[in-house]
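These notes open a run of structures that come right after.
Shared between the two complexes below is subunit A, which pairs with subunit B and subunit C, respectively.
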Partner chain A sequence: MGKYLSKKITIYILTFFIAVTLDWAIPRFMPGNPISILVSRFSALPNARKVLTSYFTQSFGLDKPILVQYLNFWKAFFHGDLGVSVYLYPKPVVDIIKESLPYDIALLLPSIILSWIFGNWIGALAAKNRILDKTLVPILYVFTAMPYFWFAIIIAWILGVVIPIFPISGAYSYSMTPELSWTFFFDFLHHWFLPFLTLFVVMLGGWAIGMRNMIIYEIEANYSRYLESLGASDKMILRYAFRNAVLPQVTGLALQLGTIVAGALTTEMVFSYPGIGYLLLQGILHQDYFLIQGCFLFIVLSVLAANFLVDLVYVLIDPRVRYSYTEGA
Partner chain B sequence: MKEWLKKHDTIYFMLTNKRFVGGMIFIVAMVLIAILGPWLARLELNWYLEESGTKNLDPTANIGIPYSPPSSRHWLGTNSFGQDVFMQLVFGLRSSLLIGIIGGGLATLIGLIVGFVSGYSGGMMDELLMMLTNIMLVIPTMAVLIIIAAYLPYRGVLIESIIIGLTGWPWTARAVRSETLSLKSRDFVHLARISAVKPLRIIFGEIAPNMLSYVFMVFILQFGGSILAAVGLDFIGLGPTRGTSLGLMLQQAVLWNAIQLGMWWWIIPPGAIITAIVAALYTVNTGLDEAFNPKLREM
Partner chain C sequence: MWRRLAIFAFVLLVAVGFATKFPRNETLYIGGGIWAPPSNWNPFVPWNAVDGTVGMIYETLFFYDPLTGKLQPWLAESGKWTDSKTFVVKLREGTNWQDGKPLTSEDVKFTFEIANKYKAFYYSGVWDWLDNIETPDDRTIVFHFSQPRYHNWLITMYTVPIVPKHIWDGKTQNEIFSTANENPVGSGMYKAEEWDQDKMVFLRNENWWGIKYFGKPAPKRVVHIKIFSNNVALGMILKGELDWSGFFLPGIPRLVKAYGGLVAWYNHPPYMLPDNVAYLFMNTKKAPMDNALFRRAVAFAINTNEIVDKVYEKQVEKARPSGYLPIPAWDKFYNKKLDEEYGFHYNPIKAGKLLDEAGIVDKDGDGWRDLPNGKPFKLEIIVPYGWTDWMESIKIIAKNLNAIGINAEPKFPDFGKYWEDITKGKFDMAINNFGSQVSMTPWTLYNYVVHYPITDAMYDGNFGRYDNEELFNLLEEINKTPLSEEDKLKDLFSKAQKILLTEMPAVPLWYNGLWFQANSSHWTNWPTEKNPYAYPCLWAGRWQVGGLKVLLNLKPAK
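So, the complex of A and B:
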């Protein structure tokens, strides 16, 4: 168990270093001169250019040796200094990301957990029921083949324009300010529903298909056949198969996190939902490179953390991992 | 013919599998549309070529009245700039399929090499390559694509597919590694080794033929994955800087309020085509799985 965790932690620490290094290296080794782009973004006044160039060269540390630049970048990183946004000047990037964080959590956590539970349930049902299998599985395949943002566009058009029952832009009405009251809460929920539905539906397809295939595989396994020969009920066999089939789904959750986050980014862009995705879009549209880099770091670090969490859960639910590392060692 | 099929029974099972054949027909049709794209656009916009006297069609040209719904002049209407949606669609399809083939092919190739070397050689090499794979696996691909693409001043379809291919391989490497590990310890491989068959002959003569079907399936999945990744990247605004693509069409549609204006002819077709292609690829993959895996064959 300790060995399993230490191996995992080594990987995560290495990944963390590589991600931060990438974030440092890409603007520096790319063709073209990002600094001049950054400066041109700031220079409304002609004589501001000179001051700004030296300011940026200093804060970017471009006049220092490359190793010192790298160390300075780490120093700034641990001080929580990710630069200043151009688009929302002079707000620090860290503060901007902090503000959008609650919206991402409110959107991603429920949609991932609910679609995972519901998808596994549907998948298990489809594996056992022929009629359900023939009708539902093709639909699920279409769900999982859709780009997230396209489904977002379609659902916004149907439920926001053709039958206007849901708002399709923002996280709350423009006339409101965030506060702790029931009216705000319901307004928030009203805006939250369509982005949530998008993520939920597209993810659902993937989980359900994965579960269906795993269950079919498990039902063919010897232990299921043995149970069957003992005269166990279908329900009981399915319950045992489910317990085995759910393990790869937990691993799948870790592997899919990156794709899910990417899907959430584009979904937020469609609904102008003020999470990281919307922020990133603003960063790209306004060529705000500090903001883009900050978002990149933040996304990578949260996916890392979530992966680590899934690994911990895996140790708890799969006894084989525990035994193999305690008895084998 | 019958004799030949008897010898190649997997091909027989492939060709009689409804999922494989159905999905394949759709994909081949899409490839044909992409290849014949410029010709189809000429057919549609014949009236425009005659009226304006120009010889070449440019998918980004503003040739019609903006906001017009589908008609005989514009089969899928026009967008807010008066660009022809059908023409953009067939030209966009070309770049999407191209990215799928190049990006998916590259990702499959890298994944194959890394996974195979890692699984076959074992030891220190295996540890190192798997560590690299695991690291690449946790870093969200899209985030890396975004940050690379954001700093590229000029982006073409080729560059886009290469960066998608370079980031998409890790899961393939892992899958190929475990496949190699299981093949490596089969009896016929042991037998070949005992009979002093050279390592390269074991790899290409004994192991590779058994992995061919698997590699083909991996490529199909990578093909779909690359198309989806490219569409997402285009939608974020980091797609090709020139020309058009399906993701770019959808990005413009959202930026120019096509949803609020109810321009369904602009927002439905690009995504529907992508969904249909990816779903067809998944169907082909399931069909292949049934054809190659005797356990899953429907009797």
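So, the complex of A and C:
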């Protein structure tokens, strides 16, 4: 167990270091300069742009040699400082992420988990029921093939315009501000529902199809046939098949959970939903090195954390992994 | 049980209504000036401050009305040149800050002197020719100049917001620039109340000093919504969820006729007032654009009417050949005869002749014209990706140029690359308008189109690096000539105008509109052609060019 963990942790640290370095470097290869982009639209007084560009380039440290900038980044990073956003100057990147993250989590966590649970359940059902397999699976294929933004537009049009029962933009009414009250809570839920539904339906299709195919494969596997020839009940065979089939699904779940920071970008765009997705896009358009870096850092961290979690879970749910590290090997 | 609960929850979701915190009849919803989540209310960083910080919260000494071309007193009661090097401003009686402290001449003095103490302020440049400031009493400010730049100073008077000394004094430059100033204390008619990712809420200042001079603005709250796209804005303005929009919205000509409640400045073409000039800049450091004949040929080759009709649905007007906006402040110095004599109009045959005259003809027989030395050339026209109206426009321009044998192609780089390329002079042709907006003097237009001196990075205009000592000297002289010497200025401006027309450093194409649409179901008395009381501008840093007066004149719909 200790050996398993130490090997995994070393790999994760190395991955983290390389990923973050890339994440630091890539925005800086883009042509253009974030400071001059920001002051470009400001034209109050003659010559103002020139003065501003030079001052802020210095104050963001962008005039320093590239290696010094890189070292400064790590120095600040270990102090928990991700820098100040250029696009939302003078707001620290950490604060921006802190404000947007709850919206992403509120949207993605329920839709990922619920669609995973329901998807696996429907998939397993479909695998052993021929009628269900014929009727449901084609629909699920349609679901999973739909791009998020496309389905979001359709659903916004149907439930927001044709039958206008749900609002189609924002996380809550423009006439409200966040507060702890039932009115706000229901208003929030009211706005939350359509983006949630979009993500839930599209993801559901994928999980269900995956599960169905895995179960069919496992039922056909040699160990299932052997069990069958020994006279085991269908229920018992299915139980074994399910335990094996769920393993790739768990990996998939981890990867999905990892994208929680920016996974809903297109859906958020359609519904004008505040979240990291929109900010990251703006950050890229404005070449805000610090904001891009910060957002990707969170993505890297959450993907790694989710994977690590799965590695641990694997030890629990897959005895083969456990044995390979404890015995022999 | 579970099913029933789920149905109940769903019904609740649908039924939950539109409980509102801000009563609709007291709240004005606007959009078009906020593009990012509010993060900054710092009047010293206006390029990043939330729209409304300057104007609604912090006020300027004067107000400029583009409709009449007059500078009107705001915080100031009067301002005049007592001699050629002294400008005296008198403040109105009773001006105060939102925290109750009086706003005095000391605050004005501080606002300007801080930009001398620290040199990175956007208006620090005035100290190159401003000498010192005196305050004989708490209502009077005397500016002493070493060598006044009258035109530049005029712009300063209605763009620099006055800040309270008692709050900002004693801070370092870094402290001043890096604060978000989340609780701004200004002197304006609105205060910052609250904000979140989607909007900024302004609350009326019930103790505003200006009530006794201007009256009280009717909306108790102004909610400025961040809107992602034109389509969303269009839907919201039609539904009446938005009262005032500053977006370019396609389809307005049709909708103004179809919806009684929808208001635009004109209910006939061009629907919008002109706000700024869209220019086609050409890199004069590159052949063949270094040749004035070629540049003039380009001007003759472009069919601007097609752009006006097809891209803008007649919501804009074709620009004059010299680029002067048709506003009173500029018309004073506009020489129509020169435009008629040296100007251009769409005429591809004339364009072809000019090119022949310049020796730019097809030498290798590939169908494209070549440089006089026989080398082929290919030009790229750039605008930022996603600026759909400009993207469509340069497609037409490229087509027009192809028609006279110039090999030109439209390109759409990301904004960052576009801006990098034009400021560093790494482009062929580009459309831009970041400095050609309405102002008190056409000097600002020249200062943008043929900005000088020419440096490696040009951020403030003259992206094509057009170099003409004679013109630059003229502009310097104009800047040093008081606006009262109208005849002398007319003469100087005419000379400059003639150079623009004959040399054509950049081609003025059309007047981008002051995008303005309003819905009168909740608020009425919007300014229009028939009720022209204000220039309806809600864009950042320009409330004191019109928007404030709109707020003062709106009436709740009954």
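Keep this in mind: the second predicted complex is superposed on the first by the 257 of 329 C-alpha atoms of A that agree within 3 Å, B and C clash if a C-alpha of one lies under 4 Å from a C-alpha of the other, contacts with A are read in each partner's own complex, and residues count from 1 in each chain.
Note that a contact is a pair of C-beta atoms (placed from the backbone, for glycine too) under 8 Å apart; a residue touches a chain by one contact, two chains touch by 3 or more.
Because the structure is a prediction, the values reported are computed rather than measured.
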{"item": "Partner chain(s) touched by A:I11 [first = subunit B, second = subunit C, both, neither]", "value": "first"}
{"item": "First (subunit B), second (subunit C), both or neither touched by A:L114", "value": "neither"}
{"item": "Subunit B versus subunit C as contact partner of A:L197, first or second or both or neither", "value": "neither"}
{"item": "Which superposed partner A:D187 touches (first subunit B, second subunit C, both, neither)", "value": "second"}
{"item": "Subunit B versus subunit C as contact partner of A:E99, first or second or both or neither", "value": "second"}
{"item": "First (subunit B), second (subunit C), both or neither touched by A:V315", "value": "neither"}
{"item": "Which of subunit B and subunit C A:L125 touches, first, second, both or neither", "value": "neither"}
{"item": "Touching partner for A:L285 - first (subunit B), second (subunit C), both, neither", "value": "both"}
{"item": "Subunit B versus subunit C as contact partner of A:M269, first or second or both or neither", "value": "both"}
{"item": "Subunit A positions touched by subunit B in one structure and by subunit C in the second", "value": "30-32, 34, 269, 285"}
{"item": "Residues of subunit A that touch subunit B when the two form their complex", "value": "11-12, 14-15, 18-19, 22-23, 26-27, 30-32, 34, 141-142, 144-151, 153-154, 156-157, 160-162, 168, 220, 254-255, 257-259, 261-263, 265-266, 269-270, 280-281, 284-285, 289, 292-293, 295-296, 299-300, 303-304, 307"}
{"item": "Touching residues (chain side subunit A, partner subunit C) in the complex", "value": "30-34, 36-55, 59, 84-85, 87-91, 96, 99-100, 165-166, 169-171, 173-178, 183, 186-187, 189-190, 193, 269, 272, 274, 278-279, 282, 285-287"}
{"item": "In the complex, subunit C residues that touch subunit A", "value": "12-14, 16, 18-22, 24, 27, 29, 36-37, 39-40, 42, 45-48, 119-125, 152, 155-156, 159-160, 174, 177-180, 194, 196-199, 201, 223, 225, 227-228, 232, 241, 414-417, 419-421, 423, 434-435, 437, 444, 447-448, 451, 455, 457, 459-460, 541"}
{"item": "Parts of subunit B lying in touch with subunit A, wherever the complex brings them together", "value": "131, 134-135, 137-144, 146-148, 150-153, 171, 224, 228, 231-232, 235-238, 247, 250, 253-254, 259-260, 262, 264, 267-268, 270-271, 274-276, 278-279, 281-283, 295"}
